[in-house]
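Let me begin by handing over the structure; questions about it come next.
For clarity, chains are labelled A, B, C, D and E in written order, and residue numbers in each chain start from 1.
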Amino acid sequence: MSFSTFIGLFLGVAIVLVAMSMGSSILIFINIPGLMIVIGGTIAATMIRYSYHEAMHAVAMSFRILMPSNDIKDKNELIDLTEDLLRTSRSKGFLALENMEINHEFYRRGIRMMVDGYSKDLIRQTLLEENKLLVERAETSAGVFASIGGAAPAFGMIGTLVGLIQMLSNLSDPASIGPAMAVAMLTTLYGAMIANLFALPMADKITTWGQEESLRQLMIVDALEAISQGQNPNIMRDMLSPYLETKPLVDEA
Amino acid sequence: MSFSTFIGLFLGVAIVLVAMSMGSSILIFINIPGLMIVIGGTIAATMIRYSYHEAMHAVAMSFRILMPSNDIKDKNELIDLTEDLLRTSRSKGFLALENMEINHEFYRRGIRMMVDGYSKDLIRQTLLEENKLLVERAETSAGVFASIGGAAPAFGMIGTLVGLIQMLSNLSDPASIGPAMAVAMLTTLYGAMIANLFALPMADKITTWGQEESLRQLMIVDALEAISQGQNPNIMRDMLSPYLETKPLVDEA
Amino acid sequence: MSFSTFIGLFLGVAIVLVAMSMGSSILIFINIPGLMIVIGGTIAATMIRYSYHEAMHAVAMSFRILMPSNDIKDKNELIDLTEDLLRTSRSKGFLALENMEINHEFYRRGIRMMVDGYSKDLIRQTLLEENKLLVERAETSAGVFASIGGAAPAFGMIGTLVGLIQMLSNLSDPASIGPAMAVAMLTTLYGAMIANLFALPMADKITTWGQEESLRQLMIVDALEAISQGQNPNIMRDMLSPYLETKPLVDEA
Amino acid sequence: MSFSTFIGLFLGVAIVLVAMSMGSSILIFINIPGLMIVIGGTIAATMIRYSYHEAMHAVAMSFRILMPSNDIKDKNELIDLTEDLLRTSRSKGFLALENMEINHEFYRRGIRMMVDGYSKDLIRQTLLEENKLLVERAETSAGVFASIGGAAPAFGMIGTLVGLIQMLSNLSDPASIGPAMAVAMLTTLYGAMIANLFALPMADKITTWGQEESLRQLMIVDALEAISQGQNPNIMRDMLSPYLETKPLVDEA
Amino acid sequence: MSFSTFIGLFLGVAIVLVAMSMGSSILIFINIPGLMIVIGGTIAATMIRYSYHEAMHAVAMSFRILMPSNDIKDKNELIDLTEDLLRTSRSKGFLALENMEINHEFYRRGIRMMVDGYSKDLIRQTLLEENKLLVERAETSAGVFASIGGAAPAFGMIGTLVGLIQMLSNLSDPASIGPAMAVAMLTTLYGAMIANLFALPMADKITTWGQEESLRQLMIVDALEAISQGQNPNIMRDMLSPYLETKPLVDEA
């Protein structure tokens, strides 16, 4: 889970809801046909562009980013974990790895294959294929959210045009003009909120997250290789150090 | 046929029509001169940019994407089909391929040429040329739809300006202002709908579809080569595997 | 002449004029100061960006695209013509080429130089320089039209702002508000029409046309080389075939 | 500190404040819920895109650009300083460098490491890593400000839509329409000011500053190498000259 | 001086002024606070992005483009001049070049250095450095004008929002609404005029001019080399010919 992403989503919606509830009932901001036109139209435009499977992968990836998870995020922790695994496998053999706690699903899967006796090359190849799949899916998923972020304001505008045309065609009751315009403008608001509070930031987030997770996975593939070779821990650290971000200088050495 | 594309087009139009029919007669959304200015102007701007042939290819390609077809989409199925063809040709000779069911037009054409005795090189060259043509046409067709998606809102705005200027020039009857503005705004609505419900998503779809279909065709060209060489099925699978998308890991091996 | 371009320009203007004349006199859409501000401002902004010569080349190129011409467009016809020329020159000598009908100005010029006894190398070099000039001019001309397409809507907005400010500064006569706003909005309409009916599509067309014409010229340069060498017609066809577009398969061979 | 950046920020805010206070009380431009929706929404959208750490680095970097500092900016001064350091170290040894005044924090840190006896290679590697970190952080920080510059106007529009819908839903008191619209438009104003007076120019500035500071740091790394080698000052000048910008000709030599 | 640029700037301003003076006093288009907010805000945003020196270079470069100058523009004239200089130096020695009229400042400076006895290599190096500086400054200056062209409309909108909010907050006198809105819209007009009549076209012009002038300077550097070597004039023409634009064919040779 990306904590700041979760907070950001919650904060954005909360702020807009508070602003809506100040000075009027929040009920005036609910309009089922308007929601239908914006959400339905956005889904329709996205279905033309992407297949059902691609859209589902995008939803799954956004859940994976937003849901709580205790997967290790820090590459230094992954190196420390690798050292533990390495020392265990060197002293007690590969099978002892089965009972160790590994807080990263991709890493866990690699260790399981190792314990099950898969060849080193097959493990590497299988995991690299999964990594390639992650990168492809992250790109497609970011594209799905970008498509939503582009379509939602467009359908917001279409909804507002439909509402304004209905209102202007029937001006018999002047008192109804204001509320009718308010309802017409709701779809523009819906479209802007979907795009700016959700879809466009998520598209950017998935792109960044995919790049970072892919780097962690490639590092784990090399870590598994080191474990299967029974490398010296220091050599393993040297092997993995290029994956680490550059670190700031120790202050005033 | 791309099923989700078809559903997306239908769903988008249906949702907007339902929204239009709620709260007013749908008839107020029909305005022949407005439709004429948006559709005619969009066609005119597209005719300046593209020749008649290029526009017709774009229409044909959109039909090819939207119409039902039992062409095989899955590359794994194509490999399975190739294995069937390979085993048949090895046991019964090339001519036996003539009666086999091949659910992919491009593949069928290649097999027909093989049965008709064309040389291996001529088949390869002819099919690669057709593949190159597909790629070029997909690019041009996507360009035609992108041009429509850009021109339609512009002519929607031009139509609205024409309508507003006519209305403002003659304000003698205040009661007619509302309906006149409604009519003027219709062209903006038409332009937004054409662009967002149809043209822009189709441009993206054709681009993606062209890339995928081109990859399938290149794979078929190699498959035909393997068949004409009477390759071992396993070697054929190795030859074609780079065309396969990466596959997810078998869950929890 | 590009026929569909000509039709597109005519159709677009006709449709907008018809829409204008429906429901009101077309005279209300004519406003000389408004036209002056949009056309004059667009010319001014283009003159800052481009020299007088560059602008004139752009006009000349647009005429060359729009005017009737019997220059050969089809590359296959150019190859057939080359075969005729080749056979004539092989049987009757170069001088016999002088009287042949050659429906392509660039080709005609090359043949004239050949008849006049210029060296093969000089002809090639001179024609390649002219080809390079065509490419440069097409790029600059497309830039001029793109600049017009960007400036026209901007000056349309400037004109509308000027009109609205004049109207708002003097609201003494409420009855004049409508017509004054109509006049103010005319410049926005002019700007949108110039950009979308003319300048932006022409910029795209010139880019495409320049690429195609350049390819035809390069093919003619090679054709002239084949003629001056007295090549065998079949070898000439092989030499020129890479310039041909890929062709569709003969249906169901 | 970048002096013109500081002046620019101050000047922009001052001019808008003066314009606000002319013709009305400046108090009408203050609206706490409106500020909350724009600033809160912008923060929310940025938190989805970037982690807390990345956002903090962006703030730190903007302070580093805006705060007074006597770090040397001119590369020629850095070369003069290097010559002083070089002569001192050649005559009195490395330890004498400890007491010299070095007006550039990165340079000071390098000299301190040298005085402390770190190896030449370790110093180089450590400083190059810090330089790489600076480049990465400058890119991310510019991205954070660009994200703010994109989100602020969007949330300004969302705030205005919320305000307009509330106003239109309750038109009972015509006298309140004007002030209510004024309040609704405030959020658009806030969004435009945040983006154009602050976020977008800062994003550009950080990009440029990061490139320049990185070049200075790379030059200092080479300068430190020259000092540790006890190079001849003229050779050192030759070594560093590629980092200098090209200089104008001495007028009328 | 670029003549068409000068005419374009003058024409654009004149046309807008004429349009303003038709139908109303031009005085209603003058609003000092509005001008202050647009010009001041634009300057502020540009000062954040660029240093004072960079902005001054941009102003200097725009003057250099707009001011009358008898610097030679035509590369063929530069070759003719080079031939004169070459013949003079071959017959009367380098010192005789001192009294020749050289209508290009960069060329004059190179000849002066030659007359003063600078070495060939130093002249070449010095002039190439100045050329590199020109290219860098032209890029930065174009960036400054592009920044102005982006900031001016933004501050025009900010000014209009400030004006509208002030007006809407105080609707006590209905008669003042029109003029107040007119004043509010003036800043949008100012921003659009600064961007479209001046800043954006100048940014494009400086880019183009910088590329052309840089090419002329590189040609002059080679010309000076030829003079200092006392080359044969024909060989000099061959050396410089690649700098010439391609020329159109002599009509109907």
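Here is the rule we go by: contacts are C-beta pairs under 8 Å (C-beta built on N, C-alpha and C of every residue); 3 or more make two chains touch, one makes a residue touch a chain.
Note that the structure is a prediction, hence the values are computed from the model and not measured.
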To reach subunit E from subunit B by way of touching chains, what is the minimum number of steps?
-> 2
Taking each chain's centre as its mean C-alpha position, how far apart are subunit A and subunit E in Å?
-> 47
Interchain centroid distance [CA atoms averaged], subunit D/subunit E, Å | 29
Pull out every residue in subunit E that's touching 2 or more other chains.
-> none
Head round the ring from subunit B, going the subunit C way, and note every chain as it comes up.
-> B, C, E, D, A
Per the touch rule above, subunit E residues touching subunit D in the complex are 33, 36-37, 40-41, 43-52, 55, 109, 112-113, 116, 118, 126-127, 129-130, 132-133, 136, 147, 151, 154-155, 157-159, 161-162, 164-171
Please name which positions on subunit C make contact with subunit B in the complex.
-> 2-5, 7-9, 11-12, 15-16, 18-20, 22-24, 28-29, 175, 177-179, 181-182, 185-186, 188-189, 192-193, 195-197, 200-202, 204-205, 208, 245-249, 252-253
